[in-house]
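Single-structure report; data block below.
The first chain written gets the first letter, and so on, giving A, B and C; residue counts start at 1 in each chain.
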Amino acid sequence: MSLSQQQVAQAREQAQRVPRMKGTLRWRNELVGFGFVLPFLIAYALFLLWPVLLGLRMSLYNWNLAGGGTSAFLGLGNYQELFADANFWSALWHTILFTVLSTPFLVILALALALLINRTIPAKWLFRLAFFAPFVLPVTVVVLIWQWLFTPGFGLINSTLTAIGLPTVNWLTDPHVAMISVVVVTIWWTVGVNFLLYLAGLQQIPQDMYEAAAIDGAGAWSQILRITIPLLGRITTLIVILQVIASLQVFSQIYLLTTGGPDFVTRPVIQYIYETGFSSYRVGFASAASYVLFVLILVVTAGQFTLLQRQQRRGA
Amino acid sequence: MATQSIERVVHARETTATDQMKRKFTNSGIFAILLVLTILWLTPLAWALDTALKPESETTIFPLTWLSSHFTLQAFASTLSTSDLPRWYFNSILTSVVISLVTVVLASMAAYAFSRIPFRGRGVLFWIILAGIMIPGQVLIVPLFALMQSFGFVDTYQGIILPQIASPFAVFIFKQFFDGIPRDYDEAALMDGASRLRVYWQVLIPLARPAVATVAILTFVAAWNNFIWPFIVITDTKMMTIPVGLATVQTSYGIRYAQIMASALLGGLPAVIIFLFFQRQIVEGLAGGLKE
Amino acid sequence: MDCEDILCRTSLEQRISRRKFLCNTALIAAGGLAAASCAAYPTSGATSTVPITYWNLFGGGDGVRMIQMQNDFVRSHPDIKLNAVTLAWGAPYYTKLAMSASGGRPPDVGISHITRMPAYAELGFLEPFDLDMLAKAGITPDNFLPEVWQRGQYKGKLYALPLDTHPFVTYYNIDICKKAGLLGPDGDLKLIQGPTALIDALKQVKQVTRNWGLANIGPWRLFSGLYGQLGGKILSPDAKELVLDNTKAEQALSFMADLILKSKVAFPSTDYAAAIALFASQKIGFLWNGEWEVTTFQAVPNFHFNMVPFPNIFGGNQTEGDSHSFILPRQTYPDPVRRAATFTFMSFMLKDSFTWAQGGHIPAYVPVATSDAYKKLKPQSNYAGAAKDVVVDPPAWFSGSGSDFETLADAVFGAVVLGQLTPAKGIQQFRARVQRMLDTPSPTSAT
């Protein structure tokens, strides 16, 4: 060791004395401690906390995009109009539909891939790369590529369908199919993250558990069901929570793929907020919608965290 | 009892032999499945690259073919020379680097204080910051825009950067990491007369290199790929980042698929390069986030 | 920690120096990267050129012509650096324009449909035109038709400088109409007036084509023209009241539905691309659409078509339309040099608008509209007279080209002409939805 035992012992003694020290040292700690936190705190308060409060204030007025309307107090008027607007409920429904459609795949497929890769097979790096690579691409790149794939006529997907004798599909312009196309793109783009998380989780499960089960005569499937999945319970809950929070805020890929169409059938809440706020100049109203979504997400998150706590208490 | 255990061992050895064969079989089967899935997963990118390398006229012929009479880099050249893509590269690099650096500094400084410096209100402050992890970012775009308007930061670099530098999650990661570093090094340096700032900068940060790397890289990639916020705060095409520029600016020449694919691939390239070089940090960082 | 052993072996100083090295390398790398990209971005060159930014929403054929005009400008004005940006037509363009203006650093000049201007002006996003400065650039009010100039006014000042008027017109297939006996001795279409005459003519065409006589694009546009011919108004001038005349509206809608459902002379769909394809492949004789597809049809080989104003069906020559115009977004940091260059630019574009007219639009700049070159331009100059009969969208913050108002009108009236709604029901729905828009607290009135 580069530091003598004596020096370390001295340091430890001094460290223990620090909290009980009075006078200038404690004041110095207060100042320095606060000073270290201050820059972050300023940025945090200004750009994370303040907008939350500002949004609430804006939602009570007929605030417009030009920054005017700050004196036209509407009280809960924006909220009343919001809850009476069928377009808002549709948008909410689309967001929930997207979440419900995509989350199971993003969890189960990720788990399946992780299970498959976690065997003794060569070239694991290639598979890990293939499934995770799309995640590092920006959404615009992903959408441009998939729009090209989805093109009617000479897009790769429809051409392949034609080649094998199946009818073509209007992936982005058929109202019955558009949301499915969005979900497919999302899965291709983001399953890699969950997949990696599961892979890390799998590698933490001690091998002896499997060996013991094998000795007891448990087959592969039974091992997966009885050992792997229960032990991955906490990770799964975490992944689901994160996935749901992210899905409720979906905007980019839907806006870029279908602009919320055709005929608004895929329009999510965030796009509704964007359009009422910026296309229709009504940022006060859009703030009200933002707040409702905010509360919804908090409620869902809180609910899921409670579930997580309960799981932890049960000792998963 | 001895016979029972011997029986068990013999039974185990027998099952092991057949199991090994079965396992080899299943593993080959799994390898095949994975290979097919991988090909499926990589096809979109491969097709995009194939299209980008074709001459424009061959991109819309039917039936489709992967081969072309003469592959060319024409589409890439056109994109780079006629569009604002180089300018968007600059904007993306500038904003992402600054965001990454500032995030690391702010978060690690705060985490250092939470981990090492006893001061009043430390616990409460930490929980207030942690609560921020629950705030969904996309939901704030409207009031955030109004805020940037009042500062005059719309269509500026600071407009892009400022909302992305305060990351409660990064504070959490750093604090976890710092908590795991023994205080001996701090105390030794403090006794030598170093200020807290020096201890932070010259003792803890070097020791926390994995955390710094992870946070820096993850923040960089997130900032690079961020679409919605730069999309909202930037309208000037010269100030756009790559994801926004690619999505917003239309070519007036009709649809040129090779060029579109070329621009898409060029737009995704930096992120892929970073991923290839820093795979380990990214993966470890994500996996490390699990350990809470 | 695993690394404890390694760290224990190195001294504090060694760690610091290694860290400094890494730090410096990283900084140099980042700096190099930034510098490289800096070099990739072409600098504006000579500092004596004045840069101006110009936004438009022209894609397709319009886009090609606009780029031609831009190139003409750049060639003749080497002292001005034009940065032209094209954004997607409709909501994406207008949303970005509004957000840009609200941020304080908008483009120097932009294109706007003249029907979208009032909302922008009321929100404070625009600046009025300095008429003296305009005169110095060679443009005066008498260079425009009074109706067109009037449309660019807001509260007595000029906020939109008209570039063109683009009306809803009639395209017809010369060969088919000849066979149907609809052409006069001069080879032009005989005048068709009134609903019965129109339906008869279309029936004759239908007999020739064995398909339909006509396709209509845009239920809203057709309705707007017909209703306008009946003298009806939709909103009060202050945009606070719905003054839709139910009888007249029903008359117009019934006629529209009749064409498809009763007389069966019109193509039963509202699909834009399909209608264009039908006309271009000579399966129908007539097409009602905006005039901007003239270049598309001129490119079809062996296709003889002509264009005339929308017919007088209900006692007037009114037809739906709008104007593209130049607007000046409000700058937080105004620059008189850039403003002067912007006026030079707009003036040039107006004088160069013969190129623009070739794409089908009626030039708003009278010297070009009355020039011999334009008069000889057929079929574009055939409908030049329609400019004064154009009916634009009712004035409201939620209306105008590409607005939600037009989308909803298209949806409701589309359902009526396809038989999914009766005209009476359609009007009920239309009224209800417009009333809801009127009841929404207006973002433009609250200041």
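Simple rule for what comes next: contacts are C-beta pairs under 8 Å (C-beta built on N, C-alpha and C of every residue); 3 or more make two chains touch, one makes a residue touch a chain.
A quick note: this is a predicted structure, and the numbers were derived from the prediction, not measured.
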Which pair, A-B or B-C, has more C-beta contacts?
-> A-B
Among the chains, which is located farthest from subunit A on the basis of C-alpha centroids?
-> C
Mean-CA-position distance for subunit C and subunit B (Å) | 40
Subunit A and subunit B, separation of their C-alpha mean positions in angstrom | 13
Which residues belonging to subunit B are in contact with no fewer than two other chains?
-> 145, 149, 188, 232
What residues in subunit C touch two or more of the other chains?
-> 12, 99, 102
Give me the residues of subunit A that touch two or more other chains.
-> 67, 278
Of subunit B, residues touching subunit A in the complex | 8, 12, 15, 19, 23, 26-27, 30-31, 33-34, 37-38, 41-45, 47-48, 51, 59-64, 105-107, 109-110, 112-114, 117-120, 122, 125, 129, 132, 134-147, 149-150, 162-163, 165-166, 168, 171, 183-184, 187-188, 190-191, 196, 200, 221, 224-225, 227-228, 232, 242-244, 246-247, 257, 260-261, 263-265, 267-268, 271-272, 274-275, 279, 283, 286-287, 290
Using the touch rule from the top, collect the residues of subunit C that touch subunit B in their complex.
-> 1, 3-4, 7, 12, 15-16, 18-19, 30, 33-34, 37-38, 40-41, 53, 58-60, 63-64, 66-67, 83, 85-88, 92, 96-97, 99-100, 102-106, 332
For the subunit B and subunit C complex, residues of the former touching the latter | 86-87, 89-90, 93-94, 97, 145, 148-149, 152, 154-155, 180-182, 185, 188-189, 202-203, 205-207, 232-233, 235-238, 248-254
Going by the contact rule at the top, pick out the subunit C residues touching subunit A in the complex.
-> 8-12, 91, 94-95, 98-99, 102, 119, 123-125, 397-398, 404, 411, 440-441, 443-444, 446-447
Note which residues of subunit A are touching subunit B in the complex, please.
-> 3, 7-8, 10-12, 14-15, 18-19, 29-30, 32-37, 39-41, 43-44, 46-52, 54-55, 58, 63, 67, 113, 116-117, 119-122, 126-134, 136-141, 143-146, 148-149, 153-154, 156, 159, 163, 188, 193, 196-197, 199-201, 214-215, 217, 220, 235, 238, 245, 248-249, 251-252, 256, 270, 273-274, 277-278, 283, 286-287, 290-291, 293-294, 297-298, 301
